[in-house]
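Note that the chains take the letters A, B, C, D, E and F in the order they are written out, and that residue 1 is the start of every chain.
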Amino acid sequence: MRFLAPTIEVRAHCDLPCGVYDPAQAHIEAQSVKAICEKVADNNDPDFRTRAAIIKEQRSELVKHHLWVLWTDYFKPPHFEKYPQLHQLFNEATKLAGAAGTKGSFSVDTADQLLEKIDEIADIFTATKQG
Amino acid sequence: MRFLAPTIEVRAHCDLPCGVYDPAQAHIEAQSVKAICEKVADNNDPDFRTRAAIIKEQRSELVKHHLWVLWTDYFKPPHFEKYPQLHQLFNEATKLAGAAGTKGSFSVDTADQLLEKIDEIADIFTATKQG
Amino acid sequence: MRFLAPTIEVRAHCDLPCGVYDPAQAHIEAQSVKAICEKVADNNDPDFRTRAAIIKEQRSELVKHHLWVLWTDYFKPPHFEKYPQLHQLFNEATKLAGAAGTKGSFSVDTADQLLEKIDEIADIFTATKQG
Amino acid sequence: MRFLAPTIEVRAHCDLPCGVYDPAQAHIEAQSVKAICEKVADNNDPDFRTRAAIIKEQRSELVKHHLWVLWTDYFKPPHFEKYPQLHQLFNEATKLAGAAGTKGSFSVDTADQLLEKIDEIADIFTATKQG
Amino acid sequence: MRFLAPTIEVRAHCDLPCGVYDPAQAHIEAQSVKAICEKVADNNDPDFRTRAAIIKEQRSELVKHHLWVLWTDYFKPPHFEKYPQLHQLFNEATKLAGAAGTKGSFSVDTADQLLEKIDEIADIFTATKQG
Amino acid sequence: MRFLAPTIEVRAHCDLPCGVYDPAQAHIEAQSVKAICEKVADNNDPDFRTRAAIIKEQRSELVKHHLWVLWTDYFKPPHFEKYPQLHQLFNEATKLAGAAGTKGSFSVDTADQLLEKIDEIADIFTATKQG
C-alpha cells in the first residue's frame, strides 16, 4: 500500500451508473438533520419530538448512504493515495451520522460537526474534479 | 381559485421535516439519467443496456419523487397564485421522468427537456426564496 | 393553457407500467391513518403512541405516493382541461397527508378531510373511466 | 392442531397497525402484472420488454407482500381452524407471484391463475368479515 | 391435501433468484430485536426509547420478510407434506415478530419465543438440506 | 493518525442499534450473486438473463450495504489502528460488488473475488470478537 504515488492516473470513475456524483446530496440531508435538531429545541410537544426522531433517523441514514456511495463508487485508488486521510474522513463522517452521532442525539453541535466533515470531503471532491 | 393575489403571505413552509428543500436533488438525478442515455448510445453490449435500463428506471423515479416533494411540501397556496403555471410545470416535469419520458426511452433529447423543466422550477424556487 | 377544451381526446394513458390505476390504494392507506388516530385516542401507553406515530408516518407517505402516481401517470392534459380544479385538488390532498396534515397530528378530523379529498378525486377518476 | 373447532372466537385482529386490511391491494398489483404480460405480447421492442421485466418483478413482489401481510396479520388461529385450506392457498398464491410464477414468465395464463387464487382468498376474507 | 406422502421429490427449489437461502438472516435480525429490548430495560432516556422503537419496528419487519421468503420460495409441496406443522410454525413465527409480538412490546421473553420458533424452522431447514 | 497503537480499547461498539453484527449477511448475499452468475452461464433465455441482471443488481447492492454498515457502525478507531489494511479492504470489497465488479458483469471469478474479500473481513471481525 503506497501512500504517496508519484503520478495520478484515474480511470473513468464509473462504468455506467452515470458518472454523476455530488457531495451536495449528503449536504442537503445533513442540513435537514441540523434543522430538525434546531426545531426540536424550540418545541416541547412530545408527538413533535417523536416525528422529529423518525425523520432524523431517515435523513441521517441518507447522509450515510450518499457518503458511502461517494467513498466506494466515485473515489479511486489514485485518489486514496493522493489523499491518505480520505478513508478515515469518510469513516468519521458516516459515524457522525450514526448512533454515536446525529441518529443518537438532537445535538446541533453534532450536526455542525457532520456538516464540517462533509465540507472537507466536498473540498477534496472538487479538487479531484479540477485535477 | 384566485390566480393573481394582491399580497403574498407564506407561512413557514414546513412544520417539521426540516424546511430544507433544494431542486438540486431532482437535478442531480436527472443528470444521471441523461448520462446513462449518452453512455448507452456508445455501447452495444446487451447486458450493459439492461443495467442501464434498471438504473435509469430508479433514477427517473427519484426525479419524480424529489419533484413531488417540492410540489406538495415546499410550495404553498400563495406561490401557486403568484405562479399559476406551477401546477402544470410540475405535472409536465414528472411526466417527462415517467413512462412517456425518460423511463420509456434512452433519448438524450427527452432527458434534456426534463432538465430544462427542472431548471424552470428551480428559477421559481429561487425567486420565492428571495421574495 | 386552455381550460375548457371543446373535445377530449385521451391517448392510452400508460405506455407500459400496466394501465391499472385505482384510487382505492390511497383510500385504503388513508383509512389506516384514520384508524390509527382513533386507536391512539383510546390508549394512553406512550410506547403505543410512538408505534402509532411510526406507522402513521409510513401510511401517510403511502397516501401521498399513490396520489402522486395518479396525478402524474394516470391523468392526461385533456383531463386537466376538463377538470381545472384537479391540480389543486391533488395538491390539497397530498398536503393533507403531510406535515400540516395527518403526518403532523393524530386528528381524526384531519384524516376525515383527507378521505373526503380522495373521494372527490375518485369521483373524477370514475367519470374519466366512463367518458 | 385442531382443524374443526366448535366455536370461533376472533380477538381484535390487529392491536395497532390500523385494522384496515383489504385483498384489493394484492388484486390491483396482480392486475398490473397481467396487463404487463398482455402488453409485452403485442410489442417486440427489446427495451420495452426489459422495462416490462423490471416492473413485473416489482409488482409481483408487491403481490407477495400484500398477501403475506394478510396471512400473518389479518388471519387468526380460529380462521385457520375454520378454513384449513387457507395456509396452502396463501402459499400457492405467493408462489404464483414468484420465480415459478409471474416473476419467471410473461404468461397471461399464470397471471390469471394468480388472480383466481387471490379471488379465493378474498372470498374467505369477506366471509370472515361477515361472520 | 395429503399430509404424509410416501416419497419426497423436491425439484430444484429456485429457478433463478439464486437458490441461496439461510434462516441465519431472520435469526440475526431477531437477535437485534432481543438486544434492543435488553438495552431499553437498562436505559430511561425517552429519546433512546423512541429510537429503540423505530429500529425494533424495522428489524421485526425484516424478520417477517426473511421468514416469508423461506416459506414461499424455499419450501416446496413435498416439504409441507413431510412437515405438516410447517405452515403453522411460520405463521406463529411471523406473528411473533408483528404487532402482537416484538413490534408491539419491548418484552425480552417475546423476543426469546421468536428466536425459538426461528430455531425450530432452522432445524427443519437443515434436515431438508441433508435429505 | 497512529497506525500501530500499543493497546486496544474498544468501547461498546453500538449505542443502540442492537450490537448485533455479522459478516454472514454480506456473505449470504454474495453467494446469491455467485449462484446467479453460474445459472446464467447455463441458460440462454434472454428473459432469464434480464431477471438475473435485476436480481444481481439488488443482491450486489445489499452486499455493499451490509459491508458499509460493518465498516461504519461495528469497527472502531482502535480496530483501524490494529488492522491498518481494513479501510482499503472494505473499499475494495464494496467496489467488487459495484459497477466494476458483480454489478457490471456475470463473471463467476469476480463473485469469487468478492467472497474472498468478505472472508478476509470476516476473519478480522472474528478476531476482534475474541480479543
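To be clear about the criterion, contacts are C-beta pairs under 8 Å (C-beta built on N, C-alpha and C of every residue); 3 or more make two chains touch, one makes a residue touch a chain.
Source: prediction; values computed, not measured.
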**Q.** Separation of chain F from chain C in steps, with touching chains one step apart
**A.** 2
Q) Can you name the chains that touch chain A as well as chain E? A) C, F
**Q.** Of D-F and E-F, whichever chain pair has more C-beta contact pairs
**A.** E-F
Q. So, what's the distance in Å between the C-alpha centres of chain F and chain A?
A. 20
Q. From the C-alpha centre of chain A to that of chain C, how far is it in Å?
A. 34
Q: Take the average of all CA coordinates in chain A, do the same for chain D, and state the distance between these two points in whole angstrom.
A: 41
Q: Give the residues of chain A that touch two or more other chains, as numbers and ranges in rising order.
A: 16-17, 46, 50-51, 54-55, 104
Q. Where do chains touch, given as pairs?
A. A-B, A-C, A-E, A-F, B-C, B-D, B-F, C-D, C-E, D-E, D-F, E-F
Q.
Going by the contact rule set out above, which residues of chain E touch chain C in the complex?
A. 46, 49-50, 53-54, 57, 103-106
Q: State the interface residues of chain F toward chain E in the complex, per the touch definition above.
A: 16-20, 22, 24-25, 28, 31-33, 35-36, 39, 48, 51-52, 55, 59
Q: Please name which positions on chain A make contact with chain F in the complex.
A: 1, 14-17, 64, 68, 71-73, 80, 85, 87-88, 91, 94-95, 98-100, 104
Q | For the chain E and chain A complex, residues of the former touching the latter | A | 46-47, 50-51, 54-55
